[in-house]
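I have placed the structure first, in the form of structure tokens, so that the comments after it can refer back to it.
Letters A, B, C and D mark the chains as written, and numbering starts fresh at 1 in each.
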Amino acid sequence: MTTLETSTTGAVVGAAGPRRSWRVVWIYGVLTAIALVVLVGFARPGVARFGLATGSDFVQLPEVVLPGLATGIVVALVAIACTVAAVLLRRRDRHQPLWLPVVFAVALVVGLLTWATTGAGQSVPLPGLLGGSLALAVPLIFGALGGVISERVGVVNVAIEGQLLAGAFTGAVVASLTRSLIVGLVAAMVAGMLVSFVLAAFAIKYLVDQVIVGVVLNVLVLGLTNFLYTLVLVPASATLNSPPQFSPIAIPVLSAIPVLGPVLFRQTVIVYLMYLGVVAVTIGLFRTKWGLRLRAVGEHPQAADTVGISVGGTRFWNVSLAGAIAGLGGAYLTLASVPSFTRDVTSGAGFIALAAVIFGQWNPVKATLAALLFGFASNLQNVLGIVGSPVPPDFLLMLPYVVTIFAVAGLVGQVRGPAAAGRPYIKG
Amino acid sequence: MPVAETGREPQGLEPGQDPQQQRPERPAEHGARRVLREILSGSALLSVLAVVVSLVIGAILIAVTNPAVIQASGYFFARPGDTVSAVLNAVGGAYGSLFRGGLIDFSAVGFWAGIQPLLRSLGFATPLIAAGLGIAIGFRAGLFNIGGQGQILIGGAVAGWIGFSLPLPGPLHLIAALVGGLLGGALWAAIPGVLKARTGAHEVIVTIMLNYIAFYLLDYFLNTPVLQAPGSNTPVSAPTAPDAVLPQLFGSPVNLGFPLVVLLVLAAAYLLDRSSLGFKLRAVGENASAARTAGIDVKRMTIAAMVISGVFVGFAGAYQVLGQTTSGFSTAFDAGIGFNAITVALLGRSKPWGVFWAGLLFGVFQNGGYTMQAANAVDLNVVSVVQSLIVLFIAAPPLVRAIFRLPAPKGARA
Amino acid sequence: MKLELRGITKRFGALTANDHIDLVVTPGEIHCLLGENGAGKSTLMNVLYGLYQADEGEILLDDEVQHFSGPGDAMRAGIGMVHQHFMLVPVFTVAENVMLGHESTKAGGRLDLDAARARVREISDRFGFDVDPDARIEDLPVGVQQRVEIIKALSRNAGVLVFDEPTAVLTPQETDELIGIMKQLRDSGTAIVFITHKLREVREVADRITVIRLGQVVGEAEPTASNAELASLMVGRAVELTVDKTPARPGADALVLDDVHVYDLNGVPVVDGVSLTVRAGEILAIAGVQGNGQTELTEAIFGLQPQVTGRIVLDGEELTGRTVRQVLDAGAGFVPEDRQHDGLVPEFTIAENLMLDRADGEPFVRLGALRLKDLAAFAQERLRRFDIRAQGIGTRVGRLSGGNQQKVVLARELSRELRLFVAAQPTRGLDVGSIEFVHEQIVATRDAGVPVIVVSTELDEVVALADRIAVMYRGRVVGVVPADTPRDVLGLMMAGEAPQAVAA
Amino acid sequence: GTAPSATSSSGAASSGAAASSSYLPCIVSDQGGFDDRSFNQLGLEGVKAAASDLGSQFKSVQSATANDYASNIDNLVAQKCNIVVASGFLLVNAVKASAQKSTSTDFAMIDDNSIDLPNVKNVVFNTNEAAFLGGYAAAAYSKTGTVATWGGIAIPPVTIYMDGVAKGVAYYNKQKGKNVKLLGWNADSQKGTFVGNFNDQNKAKTFTTNFLNQGADVIIPVAGSLYQGAGAAIKSSGKTAVLEGVDADVYNTDTSGAKDLILVSILKNISTAAKDVVEQSAKEKTFDNKQYVGDLKNGGVGLSSFHDYESKLPSGLSADLDTIKAGIIDGSIDVSSKAAFTN
């Protein structure tokens, strides 16, 4: 009954396990060399200016002015230090801690930003750069969380795009009708869940290949929302497509932290829900009974079955939960970001979220970081474009996608997903 | 004697007998015959019913958004007959147009005129089949190629560029453009293949990203003299030179692309069922470690599968610019085929002739949809809703059986 | 706890896997179930464990009728099972696996791992297991994994414990230990069902024996019954239990391994300076506990390991650094140890699997095209010659029983002109009838003048087949000894003792 | 089965008024669809208005992909449409092919003038003229001395606006000796900021925020309905900034609550043009293929009223705009754009 007898998205065939070994070290080396050549060798005269404050900050921070060449040298030194650390850790067969690539990446980004904006007239507002990255990443993060849960329980979730879109549409319509944001939010979750129900029902009950269902659901939801948008929403947009909007809430103390405070803690409820979601899913997956059972079902359904865990039920409810979470991401688009639904408003975010799931190795925190990286690259291209960049816009628009490919090919490489993801469980 | 016989003789099957009563496999059976047999077997009924259910759901969408129906339902309790007849009018009209526009127009004079719609549908089916074959070959090798869009864009752009810029004579021009398209698709598909083989990068991520990159790359070149029509300032290419256009056959709406895609189906069937390469691809797709142990170079097969997949998808791209939008293309000439091809491949169960029929069905729906929209003001999105429902229902026979309360087939697993 | 099965019948479509089976197991008894592959033993146990619902019949525990709708019910009723294929989540720790399904939690649903660790330690100590609760399953040797399975069952206070072919993957020492554990459990009043194909174990441990053939109980036997009697009862005919082989007539040195090292992905040597010579027409058996580098060594010969140093030479031809293809083309045949994972493509037909390693050229491929007629004729011949029980050459291999699957692998590997034959765990999980056949084929290959390496964790098999025996321990060859070396010496060598020390 | 006859009144999600004329005007959209709050929508409005004037039915079909253009047009012809309005330059090839085959059908080709056939009337707009005024107004209105424009994708109907805006800002600087900065578009290098599509409101919002962070207080998004994202950005930034609409008078069409942010709209009167062409074709039955060029002079393009902002304008701006408009019309002010139509 299944067309795709092979494992596709979820279970990556891994003749060998994680083969990170020396490759990562090489990447450090190569990137460091590039940084050295570009940032120091081709240093541009002048300074780069970074704004740290937002207009409404409590404490107004001064602009940071970085001299092009000196910053390049410092960044190169940090990069070299990171490379050396990586080599040493590798030598001693130690695990590479997560902070190392983060420090390395941050250093390189600072270097790149400085280099690219040295001598430009404009200063780069850092909070804006980071805040925009977060804004672009929010739907991706929700989608990725849904993806992680779904795939961890053994159901490949290609339908994230459909879940986001259904959430966006339903959230907008219901919030418009009821004038209640909370009801809209719940409706978005329900809509995402409904899409998941279909995925779960077909994948679990009817054993249809999960990738088929996912792909088809995306088409179905896009077709349906387009159809209803044109025929129902547009003629009655005042009643059906003018939802209220979540307004940002500043968290007292935290939002006063320089630079990061306003970025992270002057946000809407949905974003706070997202923080909670990342933490809850992470703790839940790895520290609770729920997570243990969920992962067991995704890794070895038969083993779970033999200890009395209902594989179908666990999959069904968790896939539904995943849909609800993705639905929240859709609601962000139409209730928090821009309060109205427009056709195909997700425009591919679900696919990027899927990439983030895999890129993040099915780990909620890493997937979140992957989504943030993508958001950052998207926003960076825009900011660079504004500040004045010699690169044609088409190439800037490619930037986030190229960055993702490089990251996946270079740093992540062969990743192993939940062993049973994509495979229907047949008892016996 | 310590062994106590119970004296009962086991009544089970002979050891050599397979209990499963499966149909004997006939690997050598000819493709078209096998398809025919599959259609005539029990699952054909289910497929028809799946289409019926999907059309019914589509009909509900059409009816509830139809102005006449909405109007009549306003006084439903006074005159329910009006609502019913409005529904029948709306749905009957829409599906009548779908049939008339996609398959056969019985109101047309003469056989030739009557099947014009079908012939036009073949034109829409052609790229879907070609790209669907490419995706299916990827599936069979265990690779999920979501990059159809990018491969079509690059393949088509190369074909188009050859088609309008190279001064080649006669048929050579067409051949060169076609080959260029195939190579362009292959090249773009080779990237995820090589990255997967070399670094293990997941093809799903890479192909998604390459779709976007191809789009912006094409956009860039459409704004430069490389692709932009001379003297124009719109990002639209120059028209394909007449001798690089796929010629119409016998004055019908069908062009050479369709016979070529039939050849592609045969080639794919041959590749998968009859060739050494296909055998190895399938082996890698089914069990990569066993293939490796048997001396098959898994990495090379990964690259080969992606390249071949890209060749087929590239044909769809070439077809788009040499047969469909021959008067110059923009960034949108992929027309969603890259994604629809996934659905087509899935509906066709990744088998070449299955893909062929699935592509044909989608082509008919697409073409009929235009007439439905023009004649009955039914939004085109209904078609994609119905198409996706068909795939879902066909994939889940038990559901269709449950809907129609059909008995489960004998010997179904517990 | 007393277990009684009454008239259990289980059908799969047209096939009756269990046909009115009656079975009584009393507390403090080890009850052996014997039967050839596909006789219906696992099915019966799966019914007992609630994984399958019986079509007819009932299950009684302490004379009370039970209704299990799933394994959860069975476990709560006090039934534990050590499955033929381990039911452990590889990426979980021991403690996590043990607690799975009956987790104790702290506030907020958080796992109480400490409690689970304590439970693991407690049971470990009781039976003298040495199991680290925080070790990940995939990092553990098979023997230890099995202990985890046992801990899992005991942690739920199982009164009836089922062992489905638990010794198939164990070393003699581990088997002995397991048998000790079973006896200990029995003595503490547990009712034990023990399924195995190894008659020696049966006689060693069984209190009663029930033989199943084709889904029916065909008889009961006493533990004192001879191997031959048991075997013929199982198979329904007389079975040759000893390998009938003439002394080897070894020829010249054929395969020479010189200081071979294999490194894993972290650069740790898993094969650590192995030098061996195999002569034409002899069987060199490599014995050893699972996970001491045998797998990697054979894979190194076939170019399946990425990091290999040293020299591997076959008939003067260097194999080191060659691709798998080149090694196969040099005339090497390989039966990998995990046939389902590495040896076969389950979705492919028998015929297709028979050409898997010859997909590039003659005789099945010409000018890139498959020659299906030739393949079909060849496959028919193999089917007959290797007595592969299947409906036909078009049957998918995944539908065959393990024994028949193994025959397909053998039929493929032994159909080329061989200059080297390597068989890893060639009879793992096979019944006596199939073992007999496989052993005959291996000996026949040797007699044809081919150098043969047999890797086995099964001492019976090693002793039966070998002309010489090399024992591996921790990536090194402890010693190469004659075939008639006593079992206890071999056992000690497998634990790392040098042969001189053992002999002394 | 028998289908309802092609011209039956079952068509068109339409006026509903009883048809008094058998003349059938039709319109086909490009991929943006008729709800793009931009030229497709305006074209449809024009056709609707003409149909209601004529007392006729009308038909409208949407295109979802590039594959749809030719079939949609052919099907409209088959539905016996008297005139087919093709909305957007992407349809040009399909129109050309169909017009050659169907010589008895009239065509109106919007935003392109490359077809030279007796039954095709090209309708183009010198949008840069109006955008020039918009740019000037933006520069004059800006308190921060920074204004910004960005587009959906880089196609001429979009960049022609951005060119005009750039020229208008530069003209303001020259005239007033100021240094108002325009972000997001460089008319010389033809490089600037684009969202990459016309759907992604979240990205539109984020990008607008980036411009606001750079101090821009007048934003001119040239991307159909994506102005909503820009409006949301201004609202959530808490800054005082305004938008300029494009194509339609967004002050009137907006339903997203961005109305109070609309300083002014740069109009491209597609609906009037479409209506005129249809009525010309219908009433006089004398359809001419003379190109229609909408410009400041004939009112085909222009600036909308400043609505709520009328009272907040810098003094003299209205007069300046009138002068400039005259200058553009008489050719004394250079508004040239690389994206403009040439003949």
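One rule holds in what follows: contacts are C-beta pairs under 8 Å (C-beta built on N, C-alpha and C of every residue); 3 or more make two chains touch, one makes a residue touch a chain.
To keep track of the chains, here are their UniProt names: A, B = ABC transporter permease; C = ABC transporter ATP-binding protein.
Every value quoted in this text rests on a predicted model; they were computed, and no experiment measured them.
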If you tally the C-beta contacts for A-B and for B-D, which one comes out higher? A-B
Which chain is most remote from chain A in terms of Cα centres? C
What is the distance in Å between the mean C-alpha positions of chain A and chain B? 30
Chain B and chain D: spacing of chain centres that average the CA atoms, whole Å: 36
What's the distance between the Cα centroids of chain A and chain C, rounded to whole Å? 44
Intercentroid distance (Cα basis), chain D paired with chain C, Å: 74
Multi-partner residues in chain A (2 or more other chains touched) are 5, 19, 226, 230-231, 392, 394, 397
Can you list every residue of chain C that touches 2 or more other chains, as numbers and ranges? 347
Multi-chain contacts only, two chains or more: what residues does chain B have there? 216, 219, 223, 286, 289, 292, 379, 381, 384, 413
If I apply the definition of touch given earlier, which pairs of chains qualify? A-B, A-C, A-D, B-C, B-D
Okay, in this complex, where on chain B does chain A touch? 61, 65, 139, 142-144, 146, 195, 198-202, 204-206, 208-210, 212-213, 216-217, 219-220, 223, 285-286, 288-289, 292, 298, 339-340, 342-343, 345-346, 348-350, 379, 381-385, 387-389, 391-392, 395-399, 413
Per the touch rule above, chain D residues touching chain B in the complex are 1-4, 6, 8, 10-14, 16, 26, 31, 59-72, 74-76, 78-79, 89-90, 92-93, 96-97, 112, 114, 153-156, 196, 338-340
Note which residues of chain A are touching chain B in the complex, please. 1, 3-9, 12-15, 19, 23, 198, 202, 205-206, 208-209, 211-213, 215-217, 219-220, 222-224, 226-227, 230-232, 348, 351-352, 354-355, 358-359, 392, 394-395, 397-398, 401-402, 404-405, 408-410, 412-415, 426
Sort out for me which residues of chain C touch chain A in the complex. 46, 49, 51-52, 70-73, 75-76, 81, 83, 86-92, 96-97, 99-103, 105, 108-111, 152, 265-267, 306, 347
Residue positions on chain D within touch of chain A in the complex are 13, 33-35, 62, 64, 148, 154, 183-184, 191-194, 196-197, 199-207, 209-211, 213-214, 225, 228-229, 231-232, 235-236, 238-239, 255-257
